[in-house]
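Scroll down for the structure; my scribbles are underneath it.
Order of writing sets the chain letters: A, B, C and D. Residues in each chain are counted from 1.
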Amino acid sequence: MKVEIIAHTPDPEKLIASAAKLCYSQSGVEGIMEGLTPEKTEKFIDMLVSMGHASPFEHATFTFGIEGVSRAVLAQITRHRIASFSVQSQRYVNKESFTYIMPPEIEAVPEAKEEFLRAMEEDRAHYIRLAAILKEKHKARMVKEGMDGNAAEKAAEKLAFEDARSVLPNACDTKIVMTMNVRSLYNFFHLRCCTRAQWEIRALATEMLRKVKAIAPTLFRLSGPPCVSGPCPEGKMSCGRAKEMRELFGNM
Amino acid sequence: MKVEIIAHTPDPEKLIASAAKLCYSQSGVEGIMEGLTPEKTEKFIDMLVSMGHASPFEHATFTFGIEGVSRAVLAQITRHRIASFSVQSQRYVNKESFTYIMPPEIEAVPEAKEEFLRAMEEDRAHYIRLAAILKEKHKARMVKEGMDGNAAEKAAEKLAFEDARSVLPNACDTKIVMTMNVRSLYNFFHLRCCTRAQWEIRALATEMLRKVKAIAPTLFRLSGPPCVSGPCPEGKMSCGRAKEMRELFGNM
Amino acid sequence: MKVEIIAHTPDPEKLIASAAKLCYSQSGVEGIMEGLTPEKTEKFIDMLVSMGHASPFEHATFTFGIEGVSRAVLAQITRHRIASFSVQSQRYVNKESFTYIMPPEIEAVPEAKEEFLRAMEEDRAHYIRLAAILKEKHKARMVKEGMDGNAAEKAAEKLAFEDARSVLPNACDTKIVMTMNVRSLYNFFHLRCCTRAQWEIRALATEMLRKVKAIAPTLFRLSGPPCVSGPCPEGKMSCGRAKEMRELFGNM
Amino acid sequence: MKVEIIAHTPDPEKLIASAAKLCYSQSGVEGIMEGLTPEKTEKFIDMLVSMGHASPFEHATFTFGIEGVSRAVLAQITRHRIASFSVQSQRYVNKESFTYIMPPEIEAVPEAKEEFLRAMEEDRAHYIRLAAILKEKHKARMVKEGMDGNAAEKAAEKLAFEDARSVLPNACDTKIVMTMNVRSLYNFFHLRCCTRAQWEIRALATEMLRKVKAIAPTLFRLSGPPCVSGPCPEGKMSCGRAKEMRELFGNM
């Protein structure tokens, strides 16, 4: 898994503090950022968090480049609707060299690992053969319809990928560019850094949090699963690891 | 593929016409629907469409029950963010009896069909074996940690499904409950009934349109790909089948 | 203030329970609602609430007809973005007979009440005079440009309202048709039924809650300000009336 | 009216081109921006626009600081829901020195202008008197309940503003910080730069467009009302000024 921040709103903490300040003061737009020293910004942001005044956190966005995650994670991540996604297309891209994401629980058991690896290589072989058969068929039709051989080759390939992908597994890798604003990220980390989340999206969310925290430590100081900043909402279903979580995310 | 409308706003056309009427008149909320004969409702809706006054169309929603579609279609459908989804979970449900959606282009070529069917049955076998191995391992650990045998059996099974699903293919079936408002449906049909859309989501969108049209024919009279109501926006990339499309969707 | 539910998803509790059931079971779309007795539905919904599994609550929507609320409330209510609005237009509608919403704190002080009433009647007079002046001017221009007198009369009137409204007060009445799904309503009631909310939107939210609770008592049993279902999140800023609130909303 | 861009995604055109490139290629996240010369970026963006592939345009956002616009414009602008807002609060801020936005049609007629100005000054006087009466009353109660005089003064003031604002006019000025992504801006400019939009929001949208175009000319080259890039969708309701608009926005 590789996670990079490829773009973000410059000076996100100061922007958020400025926007919030506007709501409560006579101060104008000009010079809205003036006088916001790092200390004042921090104090302001802490106050917003404690008041639950969440909307100013929407003004700053982070864009992540993500690769080496599975299509299974993609299915979960795209359920977050206050976010923007660009995803590597299995309709347009040849996936014969796909890599795969092996669940740690599978990797830990030699018998399971062997089963999984065999599944991956069989899927790859099926994909390659299906793509070849379908491409041949589409190309023949296109040439018959009068298309030039080279153009037909290219066009037939795309059509072949589109259907051959049906045998690709959930574990197949994908690439994502995702943009979320800070408010949406708070919700994402809340749900997906929790020990009850599925392992891969938890690993992704934790890595994303580490990266944004390096850029905006005040904004994300209390981010993570609910137990980092308050009581566990799961009640008796709780994992009971709140202390461990607070240390993990607190020292990040 | 099975598509059912399992719920919808009652009298959607009248509701939309009423809401729009409120914007332009002194009339109050009481009796807002009075005097809206079917003829007046139709005229009002046609006027809204022609004016591009789209927001009143959001007041009515349709909820679809969908089954026998692939996880590949799920990935596309959940990219529509002005919509609500409940999806059968591969983390919680045993998918050893999964059915699969075979692309028509594959079914049409005996050699491709055979390849595809072999892929499906191998995936099923891998899934069953992986689930069994993982369940055994989780159960052993849980019993060792002091859990009762029956409880451990159940809990271990869920953990096993969660990881075993990584070998399930894109073609694997899923079930979806989806709610969209009429404005979002317009956009969905616009993009997904087009001949340039991928075959399965096009089949799904077309079936959804057929179903809503039976309930609200005025609302959806001009719905479908762009060529049903105007010029094709694809320019020289156009499929050139606008006449055929207008007949198909016009006579639906 | 008048609040009516003018449309809603039929059988909203059963629909939500059905959608959630699909996520966790092998059961198909056909017969998805079968076997969901009122008791089972209630139990299922309580479980969803306690698990924080919020997305199925989006499938059911309620549409409210609202009148006799102020433009000040409109400004607050339209800040809720997961909602659909149709609003009486001050550009298209003659507001010379506008009614106004008087804050109770003003009504309680004779001196303040008198000041307020004078403000309203002066605004009305300015509006009427401005509309008349502007209409005359627009009409004259239109007739000069060759438009028929009657058509000019009508067209000029609209243009006159559009600018004359600039003198209308925040207290001026408006009419709204608003649709929200249940998840968005939960958030709305959470924020707007709280004693810290502004009086008018609190009165509106409370009336809306009373109306939806009559239709779907299980869904909204714990709805209202946060203190109805848990501790007050305001900390030392709390109003200290949690017990009173629990009784008020509990007996609604 | 003052409009400033107070923050934006750095290098927005390159980011959007990179995200789109990921969808169609094997290329990874690392080095995703490499090789994207200004010429290639421009070509890529033009291709996305012509294909109607709109989602990559969501990755870049612009944050505007806006002041000297009316509450009437605020009501329109906040109807755009794919946007984030922070607005100067009339509940928390003393508006006795409010400025006002006078419609040009009113300013052009001496009689109308005089009427308007009188309305503004009367509203100001009512506001000041109401705030004073309400503050006195709240303060008296608070002191009686045991609050310290200075604290009561401050708390009473806020409560007084909250109700006194009910006499403030639509023309009253406000301040806004607003963030929109590029896709949402396209829609905003499409609707609000059109001659059929209300004058003030049109002026605001036009100024916003001028500002973003200076930063990202390729992205916004065809932005503006629909007639800038294609036929007018209003049909016989068209203003007939398409040529003028194309020049205005083309030379911006």
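Operating definition for what follows: a contact is a pair of C-beta atoms (placed from the backbone, for glycine too) under 8 Å apart; a residue touches a chain by one contact, two chains touch by 3 or more.
Because the structure is predicted, anything quoted here is derived from the model rather than measured.
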### Fraction-based call for chain D against chain A, same above half, different below
same
### Task
Give the chain pair, either B-C or B-D, that is connected by more C-beta contacts.
B-C
### Query
CA centre of chain C versus CA centre of chain D: separation in Å?
23
## Note on the structure
chain B and chain C have mean C-alpha positions lying a whole-number Å distance apart equal to 30
### Rounded Å distance, chain B centre to chain D centre (Cα mean)
35
### Task
Would you please write down the residue numbers of chain C that are in contact with two or more other chains?
55, 79, 85
#### Entry: Chain contact topology (line, ring, star, complete or other)
complete
### chain B - residues contacting chain A, complex
70-72, 74-75, 78-79, 81-82, 85, 90-91, 100-103, 105-106, 109, 111-112, 115-116, 118-120, 122-123, 126, 129-130, 133-134, 137, 159, 162-163, 165-171, 198
### Task
Would you pull the chain B residues touching chain C in the complex into a rising list?
2, 4, 6-11, 15, 18-20, 22-26, 28-30, 32-33, 55-56, 58-61, 63, 65-67, 84-89, 92-94, 175-177, 179, 181
### Task
Name, in rising order, each residue of chain B that touches chain D in their complex.
50-52, 55, 79, 233, 235, 237
